[in-house]
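Following this line, the structures themselves.
Two complexes, one shared chain (subunit A), two partners (subunit B, subunit C).
Let's look at the complex of A and B:
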């Protein structure tokens, strides 16, 4: 009888412009393997199931504890992190594909730089310094607000929510649920709220919040369980009020 | 920095959303209530339901500005929105993702249904006075054909779905429901509304063929 193996089908692509193809690999079974360690085992012996020696599979990984987001890929049809996905929980053969909404660099490695440029579009940062020293300490935040903000601060820009979103895609302007959640987080910080209006105007332009179709896949695939649809609802309210201010003037 | 009112994108989307509820959704509810009175018979329906409506002053203006123009905008811009979406409910078969797709499909189907529905009654009635005088018999003739009954039933179910799912989705877009619980309870209320409107519409359809 043959020894127990782990079977993987991997979608490969040699260059950003060459056609994709599938290759099957089998590695000896070992308890506790995750997708990254399985890919490492393949890298040691890059031999396909039918015995051909091939180029090792390219993929990205970094932290190995589901906080950096680098190893996101589609595992058996679902976007998730390779490092925190245990082989023992999966049906075999395991299908590995790169995220489909981002340009492919090679094999399972994609270029997610659009996430960063979209975060820049919505001003997803807090300006703690001005042009001069403002002689003010850090503002206080209530434990309740801090607790809520913390949920959103866990975003690691992994791309899973964008992968599952029917409104997000390379040919579309929509910035995706993660950038909206970042706006929610920054707008609710006492220092960040100084630029609330600029952020709201940014998400009220093309590709902004009104491109959300409320399919709510994002909140279901998010590996960090970030309440993305709540962020979208809260920003819906903030942008409704901003529209009223823009149309009719401020309240004070 | 681009202000929201200097970029038509946001305002157009919100107008599309608003028109779906008012006046179009409001009209759909009125329309289903109005026609549910078919059960009181040909005489009552022709005189007190259709006759009362046709006796309204400024009826044509109301039809154009409250029904036709908002509907054309909602349908036209809806097609633009639907074009920018791709279905993935096979990969992610969750309820709201299916409804996301059905919302777009039903929008297109309702548009086709309305072309027939409005053409058969209001437009044809422009040069055929018998239709206006005895709308009850006109509808009775049409709905007695099981094929057209099923067509109307489909049109009814899809329209009610489109309104109620739109109402659920709209509450998030406008920021009325933000928490997951609020969104869930609002979904239950919208489902209840859908059941009531379907019952009302079906009741009206059956009233013509009783």
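Let's look at the complex of A and C:
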């Protein structure tokens, strides 16, 4: 009898400028394997199922506990973190593909730098006078407000929500659900709210909140279960009010 | 026109980002180099919290007690003025984080809540659920992004540090780096360089809680260029890590702080499920051996206790290398809110729910107390570290600074839980301020450094890459890394002895040679991860030698460094004042006379060269041995 194996079909691409191709791999079964540990086994012995020695598969990973956001890829059609995807929960052969909404670097590695430039665009920070002690903290925050804010603060910029969003893509201006959620988080901080208007204007511009098509895919794929659509709903109301203020010249 | 002064920061975790922020705020230009997007740095893995005395729990906590706990917890090996300053400035640092928008958990009154951590008796740990490191890093990341938008900071993500470039006087004037996508090798000049490259847990292979990029490589590269390591033998093994073939995942000390209990069945042959074993058939060994601290003894004590239970008493669960960490007696709603992040990790990777059954855990390589040697300037007025001194966090290479886990500054022989986020942030801030003042006093112009020095270093690095890519040896770098991990954790681990350490040194030498005879099996010249990894592997082996040689040199037990042959334990049932205890105290003082000193390791052709330096004990003279009974 053949020993039990784990079978993977992996979409590969040697450089950003070369065509993609598929390769099939089989590794010996081991209990508890996740996608990253399976890819580690492949890189140690990069031999295809039909016995050809090939270049090891390149991919991105770091923390291995689903908190750094590095190892996002499409696994059997779903964008998710490779480290926390256990082999035993998957149908085989397992299909691995790079995220499709970002430029490919090599194999399963993509360039997600746009995520971070969009965070810059929406001014996702709190304006502080400087990183020194002013002998005072921020104003108090109720446990209820904390509970909601904390959900948003766990966004690790993994890119899964953008992958699932039909409005997000290389040819499109939409900044994506994560940047909107970051605005929601910053606007709800007691002093972050002082600059709410600037952030709302940023998301009322091209590529902002009005580009959301309300498909609700983002919230379904978020590995951290962040209520992205709730944030977008809240921001929708806030920007409508802001629009009225802008029209009638009322200040905050 | 004079060129504006420029600083390079290597690493974008808590330490690096804090340093970058303070340099940018001082008006200098900063380039940050990182192996990946800085938001993915290992700081995000810190879970439980960050220590600062706020005394909001009616326990009469004090900054002084924080200083004492840190110094004693570290078995007095840390230089005391920097520790004093760190503890004093901790509350101000936390307030700054709060202003940055960090989502600290709250009390009913809306204040930052505090939890209990190991090695202390008062609640002193501020936290954000069980993802505190992630939240702190994001707070600073946001501020650095703001500086980026203002044009003061530029990030170079996906670049790996290869080496320093020095001028004719040996002053650091830039770096050589490799682009991890194109594999291009380039040089970048700078007036000062801050190394904030994090920990080196990967030296212990997959038997570590560290991220796969925590290889210590950057620190090892400056070591080979003359920077000293200090106290490298002190490596913390976290007592409660989840078992795993690819990685041992951290289960925060907060689990014990919130009431988690560690136990084993009294009968190792007991095959019943944990929750079917009645109370009287369980051994809560930490509570039994250390009644006053119980489950919240410091990490080195807890790790050794687990080692003893498993290896000396043969009481590991089911005869295997594991014990229970039990939360099932606690209120499920309460622990879900306080520990959600780690419960989630356990559920996802182990497939069992810690709310209903105890977790299975075992000690794992977690944190390097040792690291690059850094200086500090004493403040005569308050016996702390002098604020803003350009000597603070300077390495022995002029113009090169180090902060965060890659330095050796604050933890002595053992780090207390929730002091690492504090030291990473504090040291980053101090290093940034020190460098700003170093630049203000700098006379010479960067343009005076001959171009040739940069070009020579670039070609040296290209030659190394070429040799490795063309090497037709038999060795597989990934297989060698497994061997390194097994070797380090079994022979240079929780319990050490000189014969084994000698053997480990020669095995490491052998591994080092084999790592030269590799076959990368990789022809692609784009994003060649095998080449990058092999270079890191060679440096990890060198670090293994530094750790082992330092461990061999120190014949005593102190903090995380434990050699049973030289053990000195307090007599059973004797306490201060008893003659037996006082005799023990005298013996302990004798031992301090001989061994209370900093280990310095220097690179030489014949291997790591060991020497010692005195410790600054000006704040708390070592009169009281650690005693957690």
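Just so it is clear, the second predicted complex is superposed on the first by the 243 of 252 C-alpha atoms of A that agree within 3 Å, B and C clash if a C-alpha of one lies under 4 Å from a C-alpha of the other, contacts with A are read in each partner's own complex, and residues count from 1 in each chain.
Just so it is clear, a residue touches a chain if its C-beta (ideal position, glycine included) is under 8 Å from a C-beta of that chain, and two chains touch if they have at least 3 such contacts.
On a predicted model such as this, the values are computed, not experimentally measured, just so you know.
Within the superposed three-chain model, A:192 lies in touch with subunit C and out of touch with subunit B [touch as defined at top]. Of the two partner chains placed around the shared chain by superposition, neither subunit B nor subunit C is touched by A:3. Between subunit B and subunit C, the partner in contact with more residues of subunit A is C.
Once the two complexes are laid over each other on the shared chain, residue contacts for A:91 go to neither subunit B nor subunit C. When both complexes are overlaid on chain A, the residue A:50 reaches neither subunit B nor subunit C. With both structures placed on the common chain, the touch criterion links A:166 to subunit B but leaves subunit C unconnected. In the superposition on chain A, contact of A:142 is made with subunit C only, not with subunit B.
Of the two partner chains, subunit C is the only one touched by A:153; subunit B is not. Judged by the document's definition of touching, no subunit A residue lies at the interface with subunit B and also at the interface with subunit C. Subunit A contributes residues 77, 164, 166-167, 169, 172, 198, 200-201, 204-206, 208-217, 220-221, 227, 229-230, 232-243, 246-247 to its touches with subunit B in the complex.
Taken in their complex, subunit A has these residues touching subunit C: 14-15, 30, 32-34, 36-37, 40, 43-44, 46, 53, 55-56, 58, 60-70, 84, 86, 105-107, 109, 111-113, 116, 119-120, 123-128, 130-138, 140-143, 146-147, 149-150, 153-154, 156-157, 185-186, 189, 191-192. Subunit C contributes residues 18, 21-22, 25, 36-37, 39-42, 44-45, 89, 92-96, 98-112, 128-129, 131, 134-135, 138, 140, 142-143, 145-146, 148-149, 157, 181, 211-213, 244-247, 249-250, 337, 341, 344-345, 348-349, 351, 429, 476, 478-479, 521-524, 526-527, 529-530 to its touches with subunit A in the complex.
Partner subunit A is touched in their complex by these residues of subunit B: 1-5, 7, 9-11, 13-14, 81, 84-88, 91-92, 94, 96-97, 99-101, 103, 168-169, 172-180, 182-183.
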